[in-house]
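Please find the structures below.
Two complexes, one shared chain (chain A), two partners (chain B, chain C).
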Partner chain A sequence: MPTLLSKKYALIAIILVAILIPLLSTNEYYLHILTLSFIWIIAVYGLNLLAGFTGYLSLAHAGFFGIGAYALGLLTVKGGMSFWPAFFLAPVITTVIGFFIGLVALRTKEHFFAIYTLCVGYIIYLVIDKWEGLTGGVRGLIGIPGPTNIGPIELTSANARYYFVLTVLLLVVFLIYRIVNSLVGRSFIAIRNDEQLAQSIGISTLKNKLMSFVLSTFFAGLAGALYASFIRFIGPDISNINITFDLLIFMIVGGIGTLSGPVIGTLLIVVLSQQLQFLQDHRMLIFGPLLTSIIIFSPRGLAGMYLTWYYKRKAKKKAQIQTDNASIGGDS
Partner chain B sequence: MFLEAKNLSKHFGGLHAVKEVDFSVEKGKINAIIGPNGAGKSTFFNVITGLHRPSSGQVIFKGDDISKLPPNKIALLGIARTFQTTNLFEQATVFENVVVGHRLRTKSNLFDAIFRTKRTKQEEEKCKEKALEVLHFVGLAHAAERMVGSISQEEKKRIAFALALATDPEIVFLDEPTAGVNPDETEELAQLMQKMVQKGITVCLIEHKMQMIMKLADKIMVLNYGEKIAEGTPDEINNNEEVIKAYLGGSASA
Partner chain C sequence: MELLIQQLFNGLTIGSVYSLVALGLTLVYGILHIPNFAHGALYMVGAYVTLTMMVQGGFHYLLAIVISILVVGLISVLMERVVFHPLRDSTPIQHKVAAIGVLLFLEALAHYIWGADYQQMPTPYGQVVKVFDLTFTMQRILIVVTAIVVMILLYLFLKKTYTGATIIAMSQNREGAYLVGINANKVAMLTFFIAGALAAIGASLTSPINLVFPSMGHLVILKAFVIIIIGGMGSVPGAILGGYILGFSESLGATYLFSDYKDLIAFVLLVIILTVKPQGIFAKGGV
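Take a look at the complex of A and B:
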């Protein structure tokens, strides 16, 4: 099991680096960007569960992100609720709304599903933008509280918030890992490969698709709630379709339907955007070709590229061992 | 009666894909359905296995009317099928692709998945054992760890068989199981079907390869333009005027 072990070590190393970053760098701006990236990664994991593992590309994801953010914002600012109950309630509210939308949206398939959810996402955006009485409209919501201290654990400094988001992210990765590698996850993947075939081997496609959809909205809502509590100010733009497309790019570059893809893609693109900020909108001249070539040459993104290389190498090694054995057999 | 289609019809708009077909599948035998392209053979399978609701008529399985059940419920009853084309997970191993085949006999839910309960561990083990068992049965045990993307057409057909068998079926419906494979491989797949029957599984298949079907089948039904035009033993079908006409078109009478 050397591969499994080395995978484990790689994972531990990455987590260690993530833990050490705030101690090594005093650049608050960088920490801010990194914390924000972690929040996006959580949203991308939600999208990836549905689009990558179940085969249903939802374009309403930013809408659910917005619902999670506004749920937290409204509960605390207008409802006077304290942070923690609001923080747990926000993803639940998103999930409930997601359930009813999923019930209708999943009557469609493939591009019709994408178009339908695109419309749903836009409607959510419109509701947030136009329902001034509730959401404050374009003025947005200000004064959203950040996480309050849990007993002796203080959560108000930038470092503490970073660790808080990191903890949630690790929990999300763990959950996604467990789900994808379970019989439930196998059912999702079977649906992605061939829905008719999946149903013919006894998988309730309706139930499983709805479960995946609802889970994906849960992660979107969780990310939204984290975002609201981290930035402390939210406007309708966070549910805009642009955000959905950002998440989509993170997922595709990193690797759709892979476990590490959301982390790789999000960090890469966010860091790249930061480095290329001087180019302003001309950055797209770099992202455009990058995205296009990834889709053409490695449909499963950077993670997929690695996996393909890894399996090829493994197959080669195996073949090598077999021919070696054969020649040994020949000698004796 | 084991499995029976009663006066079964399916139309798509004005097109009568299956028209008032009566057919009973004989238990423990190899039943074949033949007919020209577009005769409605696949549609007949699709109606029986729940993919399409019949426009009229019934499907009876062991005394129960199953014509309104969805495909996953029908699979649960012990009716499995393969498709004319099978889309597998190319970037995963043969084994990984087949494990999910036994999912329908397990109960693990999201909670079990997240907390990795004892139940889910046992059930995963059960699914993996089943996958190995059926891969062994179809003669693919040696290829279990190979990527699906790198195996032959004939082996993919075997995976499709394995998936169907992993559901613990009493009857399997195979839609053109030997399409696109060479004669030697066809012979081997035919033997595999006989092996299924020996194991107590009833086989019902659609086939275009006449020679093979005449040797293999115990009972044959011929469809043409959605209608049953003949039914019987291979010998009876071979000598049936209408069948010859349907297959050779006008040239038979000319």
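Take a look at the complex of A and C:
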């Protein structure tokens, strides 16, 4: 019980820090970077649900991120819709497209699935890039509205947008937590560990994999919509494979298949990128080898490293108590 | 009619390069069951090394290619030793992620050393050859001939030599190969060397008619994946056949259907194939 309590306190402390940051610092640039990181974290949670908990590595995630962003952009700029309906519709559109792609993609397994989704991601990118009539091609979409005020709550200042994204992020974390700890989440993990075994104990693997895929595209689409409304300008590059690789790095460094991994990985890499700005486009000289060495030496990332250490210590303590008890028993 | 023949020849040229790249990918997949996402980066490095040797080193084109083969082959072997060997008992996701890490590193390295600019590779074989009413450049003829010679040599090596047979043996049955005393490390290193060499040859041949830039490997590696899925993962004849199928469909598709979306053809082909047959067309059962 005490561990659960301390976990709770740690979580509350982190949330408090996140809430206090805009009040303590007036640096708009950092606030901007932090808000952007929160958006990435949401997308990484989507990817993590599918790759980390269900065992299917999708390389089309930037594509779904792009679909979410473009759905919001097109609905508002070209469709003349106001912000809020478009904001709710964008993830739904992404999810519907994700459902149909998932239906086909999930017929494949392992390497085929990764290659298939890689190609799907590339097709989405090419369509966004080449379909100038709809998406504006390389020129992109300009003038996407930010979130409008909800009644008395104003959402136009930098601080307000930070809190808005933070709220969405906390909701996403809560949702993921509930999903992972539900029967559905356990089915995902069972599929990851051994798909045939999962099937043999009566889990409908196709239904569960599809659910995981659809949920994962929903979070990617949501992150995309948030991104479009936050940056207010989008180009085809946001659906490029490089974004998928970025998300992958965030997930692997933080810890694939862990709940805290996406937050740790994204914040760490974003902060590191800020420190390594002198490297400009060469930052992958550092992050590429980092990705490879983490997957070799600590496959479950930093969060996994901590968990392993924690459980080892706990096991040791337990063993210690047992031997103590045994020696006491021997004396008497 | 002339247009058709011209396009068929173009398809043959593109297909030859695709086949060379896909062959390396399929060999590696055959023995280690790794989809080597970094293969496209080897292809890109191959082009840059040849270019640098020619422009800065002043070597002849063909000699530059030989140097490139050695350099890329060694990088490839190093990659096997440092990255894939330690991961030999791990999950498929780890292989893929590790390969992506190498890909990102090599691309950033090329970006750092050679810059982001598009570069043109000179060739001593720029002459135009006229056969009846058709015009071919020597370079394109060189691509087709070299590719075919390399493929025949590779085939003879795999089928007729003892060393080549160990590669085949290991791709057919890994445990069986261990049992008869095949040194798995040696075979893995050799295969990676061959794969790197093939990528370097493909890139060096095609660069004079295309351009050299850090992300030039992206499309090629994706297409190579499409090819080995068409041809069956791990199958050598499949990779050659698949390469030419894709080469012809692209050159004909671009001329007669839609030129803007030429690059989409491969992916649409793949999506259709995997939709209908999730295991690939010529997949061997149980692998």
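Keep in mind that, in the parts below, the second predicted complex is superposed on the first by the 330 of 332 C-alpha atoms of A that agree within 3 Å, B and C clash if a C-alpha of one lies under 4 Å from a C-alpha of the other, contacts with A are read in each partner's own complex, and residues count from 1 in each chain.
Quick note on the criterion: a contact is a pair of C-beta atoms (placed from the backbone, for glycine too) under 8 Å apart; a residue touches a chain by one contact, two chains touch by 3 or more.
A quick note: this is a predicted structure, and the numbers were derived from the prediction, not measured.
Overlay on chain A: chain B and chain C fit together in the combined arrangement. In the superposition on chain A, A:57 makes contact with chain C only, while chain B stays out of contact range.
Between the Cα centres of chain B and chain C, as seen from that of chain A, there is an angle of 80°, stated in steps of 10. When the shared chain is aligned, chain B comes close enough to touch A:182, but chain C does not. In the superposed pair of complexes, A:287 makes contact with chain C only, with no contact to chain B.
Shared-chain residue A:123: touches chain C; no touch with chain B. Chain A is touched at more residues by one of its partners, and among chain B and chain C that partner is C. In the superposed pair of complexes, A:190 makes contact with chain B only, with no contact to chain C. Distance between chain B and chain C in the overlay is 7 Å (nearest C-alpha pair, rounded to whole angstrom). Contact residues on chain C toward chain A in their complex (touch as defined above): 29, 33, 35, 83, 86-87, 90-94, 96-98, 100-109, 111-112, 116, 218, 222, 225-226, 229, 233, 260-261, 263-264, 267-268, 270-271, 274-275, 278-280. Chain A contributes residues 51, 55, 57, 104, 107-112, 114-116, 118-120, 122-123, 126, 130, 241, 245, 248, 252, 256, 281-285, 287-293, 295-296, 299 to its touches with chain C in the complex. Taken in their complex, chain A has these residues touching chain B: 175, 178-179, 182-187, 189-190, 193-194, 196-205, 211, 215, 300, 304, 307-308, 311, 315.
Contacts from chain B toward chain A in the complex involve residues 49, 51, 70-72, 75-76, 80-81, 83, 86-89, 91, 99-101, 103-106, 108-110, 112-114, 116, 120, 123-124, 127, 146-147, 150, 163-164, 166-167.
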